[in-house]
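In what comes next, chain A is part of two complexes: it sits with chain B in the first one and with chain C in the second one.
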Partner chain A sequence: MKDWRYWLAEQRGTLLAFGIFIVMFTIYTSNHPAGFTANVVQTASNKGVLLAFVAMAQTLVVITAGIDLSVGMIFLLTNCLASWLVIGTGIETAFGVVAVLGTGLLCGAINGAIVIYGRLQPIVTTIATGAVYFGIALLLRPFPGGSVNEDLADALTGRLFGVVPASLVALLAVVLVVWVPFSRSVLGRAAYAAGSSEMAAYMSGVPIRRGKFAAYALAGLLAAIGGLFLTFFTYTGEAAYASGNAYTLFSIAAVVLGGVSLFGGKGSAIGAIFGALAFRTIGDLLFVFDFDPLWQPLFQGVILLIAVSLGAFALFRVRNRLEWFL
Partner chain B sequence: MSETTIAGIAGRMPKFIRRADPAVLTAFACIVLLLFIGSLYSRSFLSPEYLLQQLKVASFLGVIATGMMLVILLGQIDLSVPWSVATGAMMACAAAAYGPLGVALAIPFGIFCGIAIGIVNGIGVAYLRIPSMIITLATNAVAQGLMVVYTGGFSPQDSATRAMRYLATGIAIPGVPNAVVIWALIGAAMVFVLTRTGFGRTVYGIGNRERAAYLSGIDTRRVVLIAFAVSGGLSAFGGVLLAGYASKAAQSMGDAYLLPSIAAVVLGGTSILGGRGSYLGTVAGVILITLLQSILSVMQMPEAGRQIIYGVVIVAMLLLYGRAPASR
Partner chain C sequence: MDGAVPLFRMEGISKRYGGVRALEKAELSVTPGSIHAILGENGAGKSTLIKVMAGVVAPDEGRMMLDGSEVTFASPAAANQAGIVCIFQELSLVPELSVSDNIVISDPPKRFGMIDRKAQRRIAEEALARAGAADIHPLALVKDLPLSRRQMVEIAKALARKPRILILDEATSALTAADVAKIFGVLKRLRSEGLALLYISHRMNEIAELADQCTVFRNGRNVASYAAGSKSDNEVVELMIGREYSHIFPPKPVRAPATAALVLEARKLSWTDRLDNISLSVGAGEVVGLGGLDGQGQRELLLAFFGVLRGLSGQILIDGKPVAIASPAKARGDRIGMALIPEDRKTEGLMLPMTVRENLSFATLDRLSRAGIIDRAAEQRLIDDMVALLAIKTAGLDIPVGALSGGNQQKVVIAKWLMRQPRIILLNDPTRGIDVGTKQELYQLMRKLADQGAAILFYSTDYDELIGCCDRVLVLYDGAVKRELVGAEITERALIASALNIHGEETPARGMAKTPARGADA
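Entry: the complex of A and B
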């Protein structure tokens, strides 16, 4: 096989997600009353980027064959924290941003430490730590409120040169600074190897513990970046349980749409980003076609159900029935 | 601590303690500890009326956790509990609005809706081989969507039938609330199924190694499907009871039952990886969780503090005895 065919096989999920997104977005903009304008793109990207960050966070953990059901709560917690800290003069704001990101990193590291060194199951652990993070968020913001440095917020949610949405540029920057170095580093390869076959990776001397720990910690960081952007968009902090749960759920949907295998070891955060953008666009399609907003949760649920069922097609390729039972 | 000292200590204990699972013993020890802490806060904490009231509240969680335990024994998980509970409650209340026949069929209809959700889960897990935590999250979202469309996003106006209220709040046997009797019956049935029937042995077998169970000639997929259907039905029945207790259904009434039901099963010593665990442990876990909630509300802890303590306690107890073996 030629090199490009290997590349194609590796990137198939990502390319599929990209294709779905392009199709959905074309339908969306062509039916939007305002058409394909900078404003429409900016609004869409601002909404999509939030889920994209959380989906990236989920990807990192899913790659290690784990799952993080606390991403939505880390997202809420950092949102509430940012509504206190990211304010004031330039230096104060900068410290606030660092503190918020550090908190996210810490939350992720706690998850990782419990799962890896405490040897507990990721599902139960992250449900429990999610409850803790939500509790802290509620302590910080019993009622919605707070404020944010509006200059910074407007700069990051506006448009560069009047055309390019700044939030998309920020997303790209995060991909380049966090995802690309991680996926190419030893730790990143270890995370993939641990997800693919933990036993084989362990026997080969791959630093699976460090790799998994880095994945969990960076997931917390990415969720915190998402929470920071939520604050920039809304100017407030709010500990809404339903919203945190929804983001966790949608992040899983985005990851699946983005071609990341839930069994671990396969997929990329780029795919998850397109999965997230596609998922958001599907939700927005309802508004363009004037559906009752009441139908939106059902519609999103059905999309999620179909997306996760698509994985079942792999069963047709199974020759030995014992491969059903992984 | 080495194995020999544990065995040495255990060897000197009476037989029934020696045979018991250390996790179950720890859970019961924690219950005693919680009762002690509670009695420091309030004199009435140890009164029979209060304890009976706690048992009644625990029975709703107990019914839901029973279904969850069956699924966890298979090595799977059911995250569709929140909206299975709400769907059961709402559909039972909704049926009550359709004349006398609807009133008569309210409870079976609510349970039936839960079983339907469970069957979708079961087909996804057993036949389509989708990871259970994913497919159950998805069906949870679909059930939520259906209920939002049905109710228009508000709590439904229909109220619970008299039969539902009687089951949840009535007292048929003097001194024992009906809800506790129901939990006892369901628990007894579960113990019987798990320990005395082929189905129960199969559940443990699949939890240990599905491949081996399949090679032994068991239709493992059918067993998984049935287990998920039972879990959905019991969640919905829990919802029906809750609706009877509050006399109506509410939008997010099930949200408060997902973490507690998993926690109760896991704290009771059932391995989250499947194949190991006893119903006695689940009973201990349910009572433990209910007492913890009760103490936190007696201490007038705000919601935020409750969530934090709750999560910390669960992680701490799991670290005590729920750890997976080291990969060496």
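Entry: the complex of A and C
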């Protein structure tokens, strides 16, 4: 077999998510009254990148065969924090951004430390830490409010050269600065190996713990980048419980749509990004076809169900029924 | 060998798991430029020995010397650093990663802090070529490769780590004959390059072809070391046996063979590459043993009867009539009346956090309930009977079953199935890890059930048990029945010889035909 075939097989989940997104987005823009304009793309991009950042965060943890139910809450906490700190002169703003990102990194590192060194299950750990993060967010912003450096916010949510959405460029930059190095580093490979077969990885002398820890910590960082962008879009901080939970659950949906295996060891954040963008487009599609917004949750559910079912076909090939339970 | 300086030496190594002694003051010396074979039957301590060498298990006592100075290994990575690389029986490959990812996994080549994929590819191709497996594409995912190819990747991975001591634990068990030949060429070349190789195999013909030096293990001790070729196969088998019979077995009934009605029959059962054309029959009142080395298809055979395997070819007959057993639920149903005592009671037999009572009645709930409601009184009566019959020692029926001792846990598993009064009982190594007293009770029980008319198929890795309990023993090798031993033919010598697939007592040491490792591996 040729090299490109292996590459294709490896990227199948990502390409599928990309395809789904392109089809949905094409349908959306061709039915939009304004059509495929810079404005429409910018709006869609700004809506989409938030979930894309949170989905990237979720991907890192899911690759290690874990799950992070606190990503939505880190997203809220950093939003509330940013509404206090990312303001003032250039230096002050820069300091604020660093503090917000550092907080996200710390939240992720705490998750990782508890899961890896405390040996607790990821699901329980992150429910608990998520509640703590939300509690802190609530203390920071009991009521919606605050403000943000609007010059920076407008620059990052506007358009570059009048056509390219700046938020999309930021997303690309994060992929290049965070995801690509991680996925090609020894720690990234350790995270994949631990997710696929922790025992084999251990027997091979792979730094499993450091790899998993890096995955959790970077997940916190990515969720914080999402929180920062939320502040740029809304100019305020708000500890909205329902919104945090929705982001957590949608991030899992996006990850699955993006071809990342919940069993760990397989998938890419790029796929999850397209999964997130596709998931967001479902709502937009309902809008252009004049459906009642009440239909949105139902449609999102159906699309997700179909996507997940596709992944279950492998079970039909199992020949020893005990393998169903592994 | 006295003249050669040992590269690596183990002295007085002991290791216990709970009450079980896996290694007892074991010694081993490894010299560079030689292939050292380790022999011994199941549970002789070979696996523990190499796990200690490879840093997977820490010994309780004893010391290891590398190049004359003492070393300890905290992890497999530490052993790798010291140049000791082990190819384990259970594959240590990460399934979702590619072949080249796996080959360099312990120490990937780096460039600017990231993994250098070009260098990785080059290393992988080199290692695959050295292992004689250049046909494997470095970008293929390990999970998509058949077992024999994975084994080759495993060997390539070991070579990429530039070992000084290479340990192969049953490394050829999954290989095709052509691959075995290639690997032998590779191993001989490595020997001439000055590597020390430890070779663990049950295949006597492989050892005869490869080894320079042999060490036999028994009951956790090295009982003999000799230059390869200086002992006949029979002498080697003698060295491997030699345990005292410590268990008391109930007397076997004297009965004319094949008078009993056949309850369970298999005709030409095959499944993937694990079961190969197996035909057998078990009559009412008969205890039929499954022997052979561990992992020759015995478990799969029991699972096949119990409706767990899909894509099974061949026929299963109950009372002489062909049946299709599609699931364990069907197998245990009244029409078939089968029970399987699984190998791993903790995962397949019991729900550990649930109570003794709940665990006992799981398999019988359908009979104990009406319209979905459990008849507590009937349940209690049946449970009382079973606790008395098996003498289960428990502080109460409502404590978690996980709190019982191993022997009593196993009794619960057996009682759970006896509550259904099965006609066919399949036992998968049921005495593993339980105390001698309970073992003895189980032997008595097995015979009692047979006398009451049950047909029993009994797989054990303990040869004494097969000798003491069974009316007949079928010895499996590579998924096929290689030999049937009846009555007085069931001796330790015959069991071991046929398990190793060497034929008869009179066979001279070198005279064996070379057995192909496996016909055709998919």
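Rule of thumb we're sticking to: the second predicted complex is superposed on the first by the 326 of 326 C-alpha atoms of A that agree within 3 Å, B and C clash if a C-alpha of one lies under 4 Å from a C-alpha of the other, contacts with A are read in each partner's own complex, and residues count from 1 in each chain.
Throughout what follows, contacts are C-beta pairs under 8 Å (C-beta built on N, C-alpha and C of every residue); 3 or more make two chains touch, one makes a residue touch a chain.
Computed from a predicted structure; not experimentally measured.
> Have a look at where A:Ile252 lands relative to chain B and chain C in the superposition and call it first, second, both or neither.
first
> So, does A:Tyr202 touch the first partner chain B, the second partner chain C, both, or neither?
Once the two structures are laid over each other on A, A:Tyr202 reaches both partners.
> Please determine whether it is chain B or chain C that touches the greater number of chain A residues.
B
> For A:Ser185, is the partner it touches chain B (first), chain C (second), both, or none of the two (neither)?
So A:Ser185 only meets chain C here.
> Is A:Thr26 contacted by the first partner chain B, the second partner chain C, both or neither?
neither
> Could you say whether A:Asn320 touches chain B, chain C, both of them, or neither, answering first, second, both or neither?
second
> Of the partners chain B and chain C, which touch A:Thr37 in the superposed model: first, second, both, neither?
Neither chain B nor chain C is touched by A:Thr37.
> Can you give me the overlap between the chain B contact set and the chain C contact set on chain A?
199, 202, 321-322
> In the complex, go through chain A and note every residue touching chain C.
That would be residues 1, 3, 6-7, 9-10, 181, 184-186, 189, 192-193, 195-197, 199-206, 261, 264-266, 318-322 of chain A.
> Going by the contact rule set out above, which residues of chain B touch chain A in the complex?
Listed in rising order, the residues of chain B that touch chain A are 77, 124, 128-131, 133-135, 137-146, 148-149, 152-153, 209-211, 214-215, 220, 252, 255, 258-259, 262-263, 266, 272-273, 302-312, 314-315, 318-319, 322-327.
> Using the touch definition from the top, list the residues of chain C that touch chain A in their complex.
56, 75-77, 80, 88, 91-98, 101-102, 105-106, 108, 110, 113-115, 117, 137, 139-141, 157, 271-272, 300, 303, 307-311, 327, 348
> Which residues of chain A touch chain B once you look at their complex with the stated criterion?
67, 114, 118-121, 123-125, 127-132, 134-139, 142, 198-199, 202, 241-242, 245, 249, 252-253, 256, 262-263, 294-302, 304-305, 307-309, 311-312, 315, 321-322, 324-325
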